[in-house]
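Next come two complexes built around subunit A: one with subunit B, the other with subunit C.
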Partner chain A sequence: MIRFLLSRVASTVGVLFALSVLVFLIFFAIPGIDPARQMAGRNPTPETLAAVRATFGLDKPLPVQYWRLMDHLLIKRDLVSYTNRGVKVVPELFAAAPVTLSLVLGAAVLWVGGSVLLGVIAAVWRNSIVDRLLMIGSLIAISIPVFWLGQVANLITQDRFHSWPVFSWIPPLGYTPITQDPVLWFKHMIIPWIVLAALYIGLYARIFRSSLIEAGHQDYVRTARSKGISEVRVVFRHTVRTSLGPFASLFALDFGVLVGGGALLAEVVFGLPGVGQLTFQSLAGLDLPVIMAAVLYGGALVVIMNAVVDVLYARLDPRVRMA
Partner chain B sequence: MNTSTTPPSLLDVQDLRVHIRTERGTVTVVQGVALTVQANEVLCIVGESGSGKSVTMLSVMRLLDEKAVTYEGSIKFQGRELLDLPARQMRAVRGAGIAMIFQDPMTALNPVYRVGWQIAEQLRAHRNLSRRQARTETLRLLTAVGIGDPGRRIDNYPHELSGGLRQRVMIALALSCRPKILIADEPTTALDVTVQSQILQLIFDLRADTGMAVVLVTHDMGVVAEIADRVQVMYGGNVVEHGTTTDIFNDPHHPYTAGLLASIPRLDQPRPARLPSIAGTPASAGNIAPGCVFAARCPHRFDACSTQPELRTVGDAGHQVACHLDLTVADHRAVPVGDATGTEGTDLL
Partner chain C sequence: MTVSGIVPGGLGDHAPGTAGEVAVPPGGDGAAGVGQGGSPWLLAWHRFRRNRSAMTASILFAVVVLACIMAPFYARYVAHTEPFTSNLTGTTPIDGQQVPVIEPNASGLGSTPIGPTWTGRYLFGADTQGRDVAARLLYGGRTSLIVGIGAALITAVIATIVALIAGFAGGWVDAVISRILDLVWAFPVYLLAISLSTVLLLQGLKIGPITVDPASLWLPVLIISLVYVPYLARPVRGEVLALRRREFVEAAIGQGISRSRVIFGELLPNVVPTVIVFLPLMIATDILTESSLSYLSIGVQAPNASWGSMITDGQSQLYTRPLVSIAPGVLLVLTIVLLNIVGDGVRDAIDPRGLLPRRERRFRRRPGRQTPARVS
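Now for the complex of A and B:
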């Protein structure tokens, strides 16, 4: 276990280092980018530009610049944004993280619960009208872009039908921390949760359905039936249990991506100041310090979730534990 | 078969037809099979792959996918019609009344649960046992099927056991609720040769101890000769011959039975360069011409074979054959079903 953890930590560090170098190089390889020009205000004199360059170390060679950036980001933790002068990057990121986590955790609960339920229903009554309708519905859910669905949800709940009692309790777009007012937090998050979960419920229900059907043909499921146990037990204890592997590993990776900033579209549509929104703004403003921080944060989450997948897989399938 | 003096059979299958709906239409894989099982006997069902042996047995357990299958005929267990039984009552029969062990113990056990758990699951489904009682009973069962160090094996996963041990676990599982009938569907086919006889011996011994009946599906005639009381020969979804082991081995009437027997090497005769085999390919369901199912491969074929022969009694009571001719051992010797040098012959065993 110790060896497993150590090798995981080592590979995480390696991946993140490569990622940061890549982001750094791409940033400077893009033609026409001059951070100094952006920071120096309109129509700067050459002297001002030179002064800005000197202050931010932009006149140094790239390896030195890279080192200074990482030093301020990871060790001194006082890296400041290029575009919003004086705003420290690390605290800003950590302020955005709980917002994203609220969004993704809630959506994940809905999408795991929803897709397992729908997947089981579709698999048990496969080829029936219920199955067909569910699969068509899931395909629609997968195909609808989250920004469109979010806008429609906003149109209904915030505008056209907001006066109706069903929607009048929904607060204006924005975010309230759970520590401040849990009820308001919940009211803010419920619509974003449903909208973000819709796509994943569709996707995961389809995946789960097909792995359930595949597992249903296995000999051990026939053995389970021959034992005279109830059909519910056959499905949940034998079929569902052995179908969880691919589902769980896919889930962990998607979860990592979303927490790491992948929920950007939902965050923008619902005005949630999360990591995705932060990344989006930093990319639009070519704000290297924030981009770097956000990319490393997202990358770290994906790598960590990958390790979680391995542990999960070993928990779910004893045959993997040997290796 | 049953005269009025014999007690009713434990299992009585009459005129069973099984139709399976596939994408290419409905296929009748079992075509009017009759079968009886008496308490404490060993009935062997023999025949090539695709002869409908396994489907017949799975029908008795009602384990086929009933969304795609229609049954006709009757399957009576202890006088109760299984084909009409609601799901809940059928579950009470499975495992406790009739239990089944399957061909490949590698895939028949769930890979993610400990073997002890899988046995205890069945125990607790049929008997009102606490977790602790179920574990004690599981240990007893594992010991009874000859597993060494059961205290350790009970917590092993299937992949940690050898094929032979896994099949022993399957047997312990099947016997856990003291079934009246044990159906063993080619229980040794997937095992090493050295383990095969041990497993068969175990099933045979356990039958003596428990008084249950055993239905053994196999294509190993050597095994049949050793342990069967009665033999039923199936071909193309039909029963073609049925009788006591002595009837079948000493006085086979059906050319297919004779062909099966001829393809076993004999110790009391000079060994042929190549074992005889039955010419042609086995009939497959959905691809059977009207008339006798074996006609296409039969050396004694004549005009009457375009109509299907009924099972009729020959010689001893209970010896039945579905053939228009009344062939004897001498006839089979004179005109063998296969040719020993034939290239088209399908190897049977």
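Now for the complex of A and C:
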């Protein structure tokens, strides 16, 4: 187990390093992109360009530039943004993280609860009309782009039906920290939660249903049935429990992606100043330090979540360790 | 020459395989073939044809594709303005009166484009530039479908080639390719796609003699196709590795036939089913990815329009003229739903074992992602 753990940690660190090099190369080594020109303003003189390059160390060889960036980002933690002069990147990222976390946590509660419920209903009454309707619904849910669903939700709750009592309590788009006003925070987040969760409820309900049906064919389930155990007990004691493993591992991976900034479309459409929106704004403005920080943050969460899932699985099932 | 062609009247090695698993040995599901005759492909087609929802979805999808692809031939009968030229000062007759396409607001601030009219020329209204939404829907669908189908095909070709090389060569070639695939796999798709789009949109792409203009459709197609390569290449490589140890491949190698004959004659036909199962779902994912990139305004660039970029264009007047943004979304969702139904049908037809309980596959290793994480 210790050897397995060590090898997982080593490969996680390796992947993170490779990830940072890859991002660095995309933004710094592809010819034609000149961060100095970006910063020097309109029609800069060659002297200004050279001065900007010297200030930000852009005239140094690539490995040195990479090292300087990583040094300021991870060790000194004083990397500053190129476009917003004086704004430090690391605190900016950590200020955005709670917004993303509250979006993703709330959505995750909805989507885990909703998909387990719908998955069990569909699997227990499989091939019935309820199952058909649920599966068609989930198929539609996974086919809707989140940003479009967000626009439709905004149209309904902010404009067309805002005067109706059902939606009149919904505040204008924006974000209030939970520490400041928990009620307003909840009111701000409820629609984004539902919209973001819709996609994942569809995805996970389908996966959970098929995994439940598959588990229902196992020998131990047949044994349980033949012993005369009630159907409710069979479902909740045997099939649901064995199906939760794959479900949990997939959940961990998706959760990592979303917390790392993968929810950027939902954040942009609902005007939530989270990590995803920060990533997007830095990309649009070619703010390389922020991009590097945001990409590494997102990548790290994904890679670490992957490793965590691997380790947990190996802990639960010794056969995985051998493979 | 197929060493192991046992299926009566079959195409030898062209046994339908399964996604993520080694293809069935020819003759393995030959029992069904004996009774009905015909190749495994024909059997798969029969199974697909019996699937009513999948057949309906395929026909509807074909209608959507035709309607969009043929747009240049009939769009001028739908709309009387060009889909890509602004019409800020034009007028259109409604009930015998000339009405401006873009009406200045009563407050004097801003303007509102004409809404949907049955009697006028603007079936779904106009966007902020006075362009006809109905005509743009057709052209936008054309772009979305071209990007989706094109990117999925390129992904399939690249991934198959890479997987065949890695799986057949083995050794350090395999190790290098696998590590690269692992790395791209570990990189969240949205970050890679967004980073590449941002960089390449600034100045296009120049590799030797090939120059891709930033406004070209090739850019989103290439970016989207590249980021999804590992999702197909990894399972296919696994299949090739397993196939390589099978008797019919060893026999072929033992007979001294050339490497390319082994790869293209023995290995390729056995991984094709996996690739085909992958295609419809990949097209759906690609269309969605393109729309997401377009929503962040780093996808398809003007003057081209896609459903995704139309949704973005309509956002500024979402509350006054919602149809500009809603209509492309409805078509987008419809197309993706159809593709998903077709994809499920194709999978069930080519891999009928997927319908049966898969005991032996459970718990063999940690269940990983089979589909890429969605950008949301």
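Points worth noting:
Everything below uses one rule, namely that the second predicted complex is superposed on the first by the 302 of 323 C-alpha atoms of A that agree within 3 Å, B and C clash if a C-alpha of one lies under 4 Å from a C-alpha of the other, contacts with A are read in each partner's own complex, and residues count from 1 in each chain.
The criterion applied here is as follows: a residue touches a chain if its C-beta (ideal position, glycine included) is under 8 Å from a C-beta of that chain, and two chains touch if they have at least 3 such contacts.
Just so it is clear, the model here is predicted, and its values are computed rather than measured.
Of the two partner chains placed by superposition, A:T45 touches none, neither subunit B nor subunit C. In the superposition on chain A, contact is made by A:Y313 with subunit C only, not with subunit B. In the superposition on chain A, contact is made by A:L139 with subunit C only, not with subunit B. In the superposition on chain A, contact is made by A:Q158 with subunit C only, not with subunit B. By the document's definition of touching, neither partner reaches A:Q180: not subunit B, not subunit C.
After superposition on the shared chain, subunit A has more residues touched by C, the comparison being subunit B against subunit C. Residue contacts after overlaying the shared chain place A:Q218 against subunit B and subunit C alike. Of the two partner chains placed by the overlay, only subunit C lies in contact with A:G299; subunit B stays clear of it. Shared contact residues of subunit A, touching subunit B in one structure and subunit C in the other: 218, 317, 319.
On the subunit B side of its complex with subunit A, the touching residues are 61, 63, 87, 91-96, 99-100, 102, 104, 107-112, 121-122, 125-126, 157, 159, 170, 173, 177. Note for the complex: subunit A touches subunit C at residues 15, 18-19, 22-23, 26-27, 30-33, 139-140, 142-148, 151-152, 154-155, 158-160, 196, 199-200, 203, 214, 217-218, 246, 249-250, 253-254, 257-258, 260-266, 268, 279-280, 283-284, 286, 291, 295, 298-299, 302-303, 306, 309-310, 313, 317, 319-320, 323.
Against subunit A, in their complex, subunit C makes its touches with residues 182-183, 186-188, 190-191, 194-196, 198-200, 202-203, 206, 284, 288, 291-292, 295-298, 308, 311, 315, 318-319, 322, 325-326, 329, 332-333, 336-337, 340-341, 357-359, 362-367, 369, 373-376.
Within the complex formed with subunit B, the subunit A residues making contact are 218-220, 222-231, 233, 237-238, 241-242, 316-319, 322.
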